[in-house]
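Next come two complexes, and both contain chain A; in the first it sits with chain B, in the second with chain C.
For the complex of A and B:
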């Protein structure tokens, strides 16, 4: 075993331990803020594993999207919500917990059978390395065109949904009850239509 | 394109001649560029702090630091020493672990991004294939550190500052990445060395600033916002939030934020120089001058001169941009948070998208000028 292989094995071990430890922390810790920060640790460790697999573009994308965007937004949401609510014990909460346990156990069993039944033949092809961006691009526009386009449509839908939600004006709680009566309609304050331009100047 | 000086190659060769195996020689080489870059980045911060004091003083018709060393050059050193010896206070109700971790998460990506800053053909720590993308990815980690320190301080000003910082950097990352993408489209590569090489050959006329007149403005605005410089220093707006997320910090932990912000500014200026101002290129191509003087491209002393000139040009361009940033600090007033977000989402984002579209169109129409 030469130096490079040794470094790879050691960093693989460190990254795996980091990832598993952080993931367990996300689930088990009481403080939701700590969970959110540890989630960032999980994403970073996964990016490190991608780096070990010679997939540096995927690793950077993982950091950019999951750590830089998703995790920051999660933290943002946690810190902006300032709702102090008494914790009310829910009757028959064990049903919910049992259902969660069943679903988690099922997913775990499915994934383990998949892991055990896959042959995991190590590909002998040389890794693309620095040219991986080009290879990924070619795949996006040939055999993975449909999933790529579907993902972009999904993102577009999320974008439009966010704009619709953000344009909604804030309703006080008592009005909210009334507005809820009309099914399938977002609670919104009636307002005059503005002919064009920026609507916040006309109020 | 001549290869220039290959310090790594010659270092490893000389170690091998002592009878060391190539692997060990490579391992021995590895810490050198990193160490040089760390020291260089720290020295850059010292220079920047001194420049900021002197230029600010000049802008306000003061003299500025005068007695600490010649022209007050040692003023930043005195600052640093003061911060080192200051008591490190952790507020009683603060979250000690996150409070300590926050500044580290802010500083590490900034220093790590120096990996991809080229000062010459081979004067770069690693010429990774995804170069500039690595910088964008790393700089997106910073808001987590800011949120962490804002939350851990257990102080409403800190929390508000942290939230503002996160909102600001999320909003301005998009125009920044899109304007960089237009450059990448023209040079067909994410690597910073390739981006500079694509601008070489025509001296000052070949620089990307002429081909991306909108892109460089968007990049500069977004970079200033990412560095939290005035007019975008809302996260630490002292009239509203005391000092934002740094309110509770003192001693070395504060110094980490301080260093981090200046390292970030230097880095942005360096990358602006690489992306738009031709990196290490002189105003007139060195090859042309050498040809005019009848000197071969491979003359050793010419290569040394070219390397020194390259480092000098990169730094000169970067410090020119820093000078502009410091002047802007005393010229423009701070924007409000709603103006900031409006500018980012409703103006810069659409404009940078259109810029990208036009660049793609021009690349198809004029492949000669726009790197087809």
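For the complex of A and C:
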């Protein structure tokens, strides 16, 4: 699984530049749709970095879950709430931007000095590489069995919670008969029945 | 290839995520910034797993758990954004002040 050193360095450079550029685009671009697609670029670049780290299973899981599920979910959410409105400018917004940039730069400087000054105990053993799937499976069903089952319960809870939160609310009972009078119309809030036609009118 | 390169890239990605988290007006973009930060942490875990613990790769196990939690978080977070959009008719973070003093 070990490529030559030069190929590793070059592909690491390309992938990290792609990833950081796309991440800056996600944060700074005006259009939220472009941000969502660039987020997919970030995820794919990180999957490539995982391949450089001898973790093919996690790279495949990253592509499947993040690009295939999370990014598509975000695109659907953008489609559902895509209201073209100009945000009201906040007074003294530049103070917040400057303060945040200073804090982020400070955190990055702190982390960099910590990373570069710590003597890491680099192990010289050969990486698991292609056998990583077997090792991960052994961990899941021996010493990480309880977190594994808890994660499945948490996913079930998130599924039910997302359905309950995103479900449309019904009208209360006194309005029910009035809404029932109009045949072929579900007793829902009427403004939610045409959520897409409003986007063109509100500009 | 060294461990430090990966850690530096992950730190940069984490800082970009913090900046986006604080400065975004759109609620969906805030969720995207949270995903960026989670991915930076994942990259850290994978780098440690490969360079410090290459035989019993426990960092990869943690990464799998973080990916599962992130997927659940994205689903619930986007459902909350949808519910807020139905109630307030906007996705501007500055106007979500129901619980703000």
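One rule holds for everything that comes next: the second predicted complex is superposed on the first by the 119 of 203 C-alpha atoms of A that agree within 3 Å, B and C clash if a C-alpha of one lies under 4 Å from a C-alpha of the other, contacts with A are read in each partner's own complex, and residues count from 1 in each chain.
In this text, contacts are C-beta pairs under 8 Å (C-beta built on N, C-alpha and C of every residue); 3 or more make two chains touch, one makes a residue touch a chain.
All values reported here derive from a predicted model rather than from experimental measurement.
Touch criterion not met for A:98: it reaches neither chain B nor chain C. Comparing chain C and chain B on the residues of chain A they touch gives the larger count to C.
Of the two partner chains placed by the overlay, only chain C lies in contact with A:49; chain B stays clear of it.
Judged by the touch definition given at the top, the superposed model places A:40 against chain B, while chain C stays out of reach. In the superposed pair of complexes, A:79 makes contact with chain B only, with no contact to chain C. Residue overlap on chain A between the chain B contacts of one complex and the chain C contacts of the other covers 57, 61, 69, 73, 76, 80, 132. Note for the complex: chain A touches chain C at residues 5, 8-9, 12, 16, 19-20, 23-24, 26-27, 32, 35-36, 39, 42-43, 46, 49-50, 52-55, 57-58, 61-62, 65-66, 69-70, 73-74, 76-78, 80-81, 83, 85, 87-88, 90, 96-97, 100-101, 103-105, 107-108, 111-112, 115-116, 120-123, 125-128, 132, 135-136, 139-140, 144, 147, 151, 154-155, 157-159, 161-163, 165-166, 169, 192.
Remark: chain B residues 23-24, 27, 98, 128-130, 133-134, 136-138, 140-141, 143-144, 147-148, 150-151, 159, 162-163, 166-167, 170, 173, 190-191 touch chain A in the complex. In the complex of the two chains, the chain A residues touching chain B come out as 2-4, 33, 37, 40, 56-57, 60-61, 63-64, 67-69, 71-73, 75-76, 79-80, 129-133. Residue ranges of chain C in contact with chain A, taken from their complex: 1, 3-9, 11-20, 22-29, 31-33, 35-36, 39, 42-43, 46-47, 49-58, 60-61, 63-65, 67-76, 78-83, 85-86, 89-92, 94.
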